[in-house]
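Here the structure is laid out as structure tokens; the discussion comes afterwards.
For reference, chains read A, B, C, D and E in written order, and residue numbers begin at 1 within each chain.
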């Protein structure tokens, strides 16, 4: 049960969220919380763009009409550095009920920690993984991809597997081996960076290891290789994928003419349904399975981590109540209830808590939890898409370059070199090169240590 | 313009004695000017000041350094500036021209007093009543390569559709965005032109018909000159609106593929509401304002050359 | 160029106003027909119907014997002077006049010549480059004229084209128009309120009257000007043609041997009248006599028919009109309701035209006589002229 | 009539397709060839209007904001347009261009300063904040367009009224404005539409309780997916009030404003 | 109600057109002054200046001896009938007429009575609820009139208020207006092109002429109608007043013992004239003689001054105008440039008014004489009348 003490001073808590899947199930749980605590939860959902504009404007004006906000991992550093949200370290340290150690450390490290502060707690954590069509693989006698990371399951193998599906039809319908996201800037970056990080690519000379040096490193061979592979993947995708944003890829898979693709783990369940949040079963509902991501030869696997977390604006006057809500929303019990909420055909399994992956009730409904968990455990969001200040500016350049590379025939190396110098000038323009502020040695181990420290009651 | 032959608008008589009467026109204009000044001065000055500072909300909450015209240099040298400017010009010039032409044609049809025309008019206005960003969604749906009505119609008409989809190909994406704007805003032209055509005195048209002018001649030599003022004005207003659009681009293509649909408005949006580079976006704002001002000033100069104001 | 036949045409405006009803007449090729009638009697409406600008509610319009009822105005080849000009406000005077010609793909030089000639004739040469907004009322009207006369159409329709011009210009324009009609032989329908124009310009004049329902007809009489003046078909025409208007007297007609004696109702005045066959039939009944102002003659007191005090005299320079009252019930010919009976209002004011030199001092008596043979006679009930 | 149908098909066709999207089962939305027949349901409308019905109050908010914007706009722009049309004044050109200059500023760049400004005067999250800021669009637009309509009223009419002893306000109120009513109405209808479909200002200026329909509609577009039928339903909902307004006011937009007034 | 003084007023339009220059005259309280002059001579402009609608470029305007040059129209308390009506298109006829009264905060019932009375007088009662767009031209003009006459202003300004009305109505309106002027004593400035109106309505008539620069003056003469007719100040006035216009002849004046002999230039015709002092001074020089059409008299051939073939005759009913040509150079009085000399165009067409009964067959000769004592004489250079 949530700690009542902190919440008593407030009659209501205003929560500002995006409409990703967790929102719907969380919203379904809210009445229960309200009944339990007597606090009114004003849950407002906005589009991603609207949310960010609203929040930043409010921060600049030093006001806020929210007590709890959803924070993308990319915004965390900026919000904390600017003092727009508060660090939760003290709350957590004081809180005897919160079981911090249950959170997957890779998730907290990737999404919630910045310069030794826990700024947010994860309400929905994403990794990436592979989804494929069992029936199609069977039909063409292709071996199913593994559910455990192995040296065999490489990107080369992945591409080769896909190539077996090239030009094939299934159920009277022409088949596309895979589908990618091609839309700039974020979607293509999200998908591509999984590929590149798998190949060991690094964005910057030194980040997150101290001392920070943001000289871009896009010209390395891992980048070139990744671009080549991504190009291949696009050739194996429907051509219109060049314009696909996040959900387009999932929607396309759900339509049934895609053999296999990799994408954020929410799609593990999202593709069950046809149409977003409709609860209507899709054609592929019973026909797909999940697998772990391929890796690159000789490079340790790294998986992209994303998701949504909850934080407290520093301008809020109900921080206690806000924290109580966050604690409730990210608690094991609530998360489980959210996952067990049957409406919309069970659409929530984005757990940041390790224990939930072991939960039998959940494993029945979400059979892929093992795969997902293993992806999480290999996750490192800080390398995949470094959440550094000014990230979006470089992302937009990278996204554009990648998008151009998919359609054009330019040599990857030259294009990457050009992008690299654009990166450099943007980062210089943003006073990131040379880095003038204090660096922070940000490693998983440091994170685990901090978790241990704060979790110790 | 004087649709009815009148003496040209002139001062409503000699200056009176009282302060109010002497300054009447200024007093009438003042509230709107004050109101607008109050609303616009702060943002404009805010932007002007910010444009000389390095101020990126992602880097820090406060302006970090005075950088002179660095932001302007950066904006002009940005990798996407030329492409965006080019696309923007294409969109705004082609958009206004086509919308005006089509709108005029529709206005002429609307003028015919046929039963049910008022319903037609009310229906026609629907496209403009949807938020542009939602219109973006609508056309995302219509253009969808795997279920879009428009794609299907193009296929059905044996017209070539790029494999990447209408929005996926650099050769069609800009035209597709243009079409969306035309779809949404042609009714605006149609209704405004319709209203101003209504004010053209019938007798003048009758005289022209008796002069045996063809409908085309009547349009070109009587109707259009008589609604010229209104036409000039809405062309100008629309031009500026298109010049600043970003919503449809945002939803439909995010400037892609490549830079083929990137517009100044979208770049502004990106720098402002995605990257939160306030300094840079302020500089870009002023650059845009200057560009549009130059274009509009030229346009106004030429269009109103022979007109009284 | 074209003959024109109005065949029972009628026009009711959407609000129910019957403007024109049952008008039938034919204009032969090259004829100049003048339409006159009180304000609101449907003249403009008739012209607009002829131009095709107003749809007909009934009847047909033939041009050269082909039915043109539904022909569009632009296909009729008609030039019209609108009562309220309808100039193109954005075009200069020159362009206003040239516009119609340009529609005929005429060479530029020819247009130029035609326009300049017309401008010359209309005394507009100085204003060719001006926009209508910077012209005086009369100048605008001349532009409207010019726009019509530069063309060489099948028919001219002119709606009070000279009303805003001064007398001198009007005389001149009258001549020019008549000449144009003769030279080009263009059929012309011409509306005017000016009696002189009506009398001098028209080959025939049509007198119209307002109608109140679609059973009546606007057209009262169409004939040569002289016939209208000398032999008006009814009270309405008699009263309308001529200015000042004909004087009407209510008369008790008594049979006398060999002649008739007419006694002016309400007065002691009576006089013998030559007994035509038609008039004789009215013996013993009431009739209406009409006396035109110029039919009065100043005479010695002994011969006077009327010898009344003159309360009002209007000196026009060339003539003087003297007004005097007799205690006879007046005759109202304007209102349709009144054709059936008389409205007594006490006294009847008569007007006589006399040479300025004979003008009496105000309120002095003036002895006047009338050439009794020239009197007009009308049926009091129907208003129809009583004529052999 | 044929071209009318053609144009109507082009402009209304997509909307019908959108309406269909709102009422069709989700799995029939993206099929090739497009599925023309389906079993319609009103689930989307139920969702946006009743359960949970987020968009119903937003519809009201949109109405408040758009009508408020028009009502506030009129007293500012009508006198200005009248003065600019009717009086000779020094610097008229500059004033007119200045109005335009405002329209030229790309709104996205001003969102943050606006938010700051509105917060300073303590109006954040209120209807008034949006109504006020929308004036930067509606006033310049209305002044220019209305002026062009007022220009068409013959000056003689005002002269007649002056001789009749009417003061400028009477002339404006009883002579000129009634005559240009169609122009004012058309201008206002579009001022309404601009305010109605503006998404940029409410994006930052509205709060949960004052959010307008476009903002609500945007919410259905998430990174993980799009609830197409909700978007469509909300968009359809958004079309209804303007359509009603156009239907109601259409009869005031009539021919021959000055017919019969002056000769010449 | 008010006297009005124009003191050297002038108006130049922004495009440089000098419409009015150096016009000075005074109208006394309650006076009825008619303005006449050719189209474009500045009548409307003058009226508009009097109303305060047009700023003066020079001069002053006094009303009741106070300088009102800069007074706003709405503060002048005048009523005006605009040449082009300027009706309020969105108001009914009733509202059009009531508007001016409402501005004076008059009680509703009083307004109602005034409006209905005026409508009655103007025969508009039936149309009170109509909008101007649904009226005929003449009806619109009557509304414009009505709007002015319902009021009881300091001054009436009327710009051709009856031009679109039929003769009958016009006669009636003329009477009503005159009555109104007498009853209310409202100072009135009245523009007309109708000679009859000008002659009968005005206490005085002002004759204007177009000017081409601001050194000239528009005002040619202002006097009682009869004086203008009988004693025109110059050629322009003589030619302008009277319709058909005065005939002008170029005369070689020779001194004879006791009298003068006038020889018509270009012809054999000559006649003796009584030698007034003024005219005698011109002996041996050219002068211009003016003959009004009604000054001709049909006479036996022996007494004839003129005996020409009649190519054109216009029968007006009451009179006939006969035209004939003499080989004398014509006199052009209209164009300013021509006042200094003559333009020879070969022949001079004269017009005479004769009784209809005496009308000759076309192209037959008609013997005409003139009462020589009544001839008008003018200086050929200045155009000024030669009179003792």
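Miscellaneous remarks
Here, a residue touches a chain if its C-beta (ideal position, glycine included) is under 8 Å from a C-beta of that chain, and two chains touch if they have at least 3 such contacts.
For each chain, UniProt lists the protein as follows: B = Sugar ABC transporter permease; C, E = Sn-glycerol-3-phosphate ABC transporter ATP-binding protein UgpC; D = Carbohydrate ABC transporter permease.
Because the structure is a prediction, the values reported are computed rather than measured.
In terms of the stated touch criterion, the partners common to subunit C and subunit D are B, E, listed by label.
The interface carrying the most C-beta pairs in contact is the one between chains B-D. Here the spacing of subunit B and subunit D, counted between their Cα centres, is 14 Å.
The centroid of the Cα atoms in subunit C and the matching centroid in subunit E are 23 Å apart.
Distance between subunit A and subunit D, defined via averaged C-alpha coordinates, is recorded as 39 Å.
Separation between the centroids of subunit A and subunit E, computed from CA atoms only, is 95 Å. Subunit B has residues 1-8, 13, 146, 201, 273 in contact with two or more other chains. Contact with two or more other chains is made by residues 83-85, 87, 132, 134, 137, 140 of subunit C.
Multi-chain contact residues of subunit A, defined as those touching 2 or more other chains: 49, 53, 56, 60, 245, 255. Within the complex formed with subunit A, the residues of subunit B that make contact are 54, 56-61, 64-65, 70, 74, 79-80, 145-146, 162-165, 167-168, 170, 250, 253-259, 270-271, 273-277, 280. Contact residues on subunit A toward subunit D in their complex (touch as defined above): 14, 18-21, 42, 44-50, 53-54, 56-58, 60-63, 65, 245-247, 250-251, 255, 264, 266-267, 270, 274-278, 280, 282. By the touch criterion given at the top, residues 49, 52-53, 56, 59-60, 78, 81-84, 182-185, 238-243, 245, 252, 255, 389-393, 396-397, 400, 403-404, 407-408, 422, 429-432 of subunit A touch subunit B in their complex.
Interface residues of subunit C facing subunit B in the complex, by the touch rule stated above, are 51, 53, 72-80, 82, 84-90, 99-100, 103-104, 131-134, 140, 147, 151.
Residue ranges of subunit D in contact with subunit B, taken from their complex: 1, 3-4, 7-8, 10-15, 17-18, 21, 29-34, 75-77, 79-80, 82-89, 92-93, 95-114, 116-117, 132-133, 135-136, 139-141, 143-145, 148-149, 151-152, 154-156, 158, 162, 168, 182-183, 186, 189-190, 193, 196-199, 213-214, 217-218, 221, 226, 228, 231-232, 234-235, 238-239, 242-243, 246-247, 250-251, 253-259, 261-262, 264.
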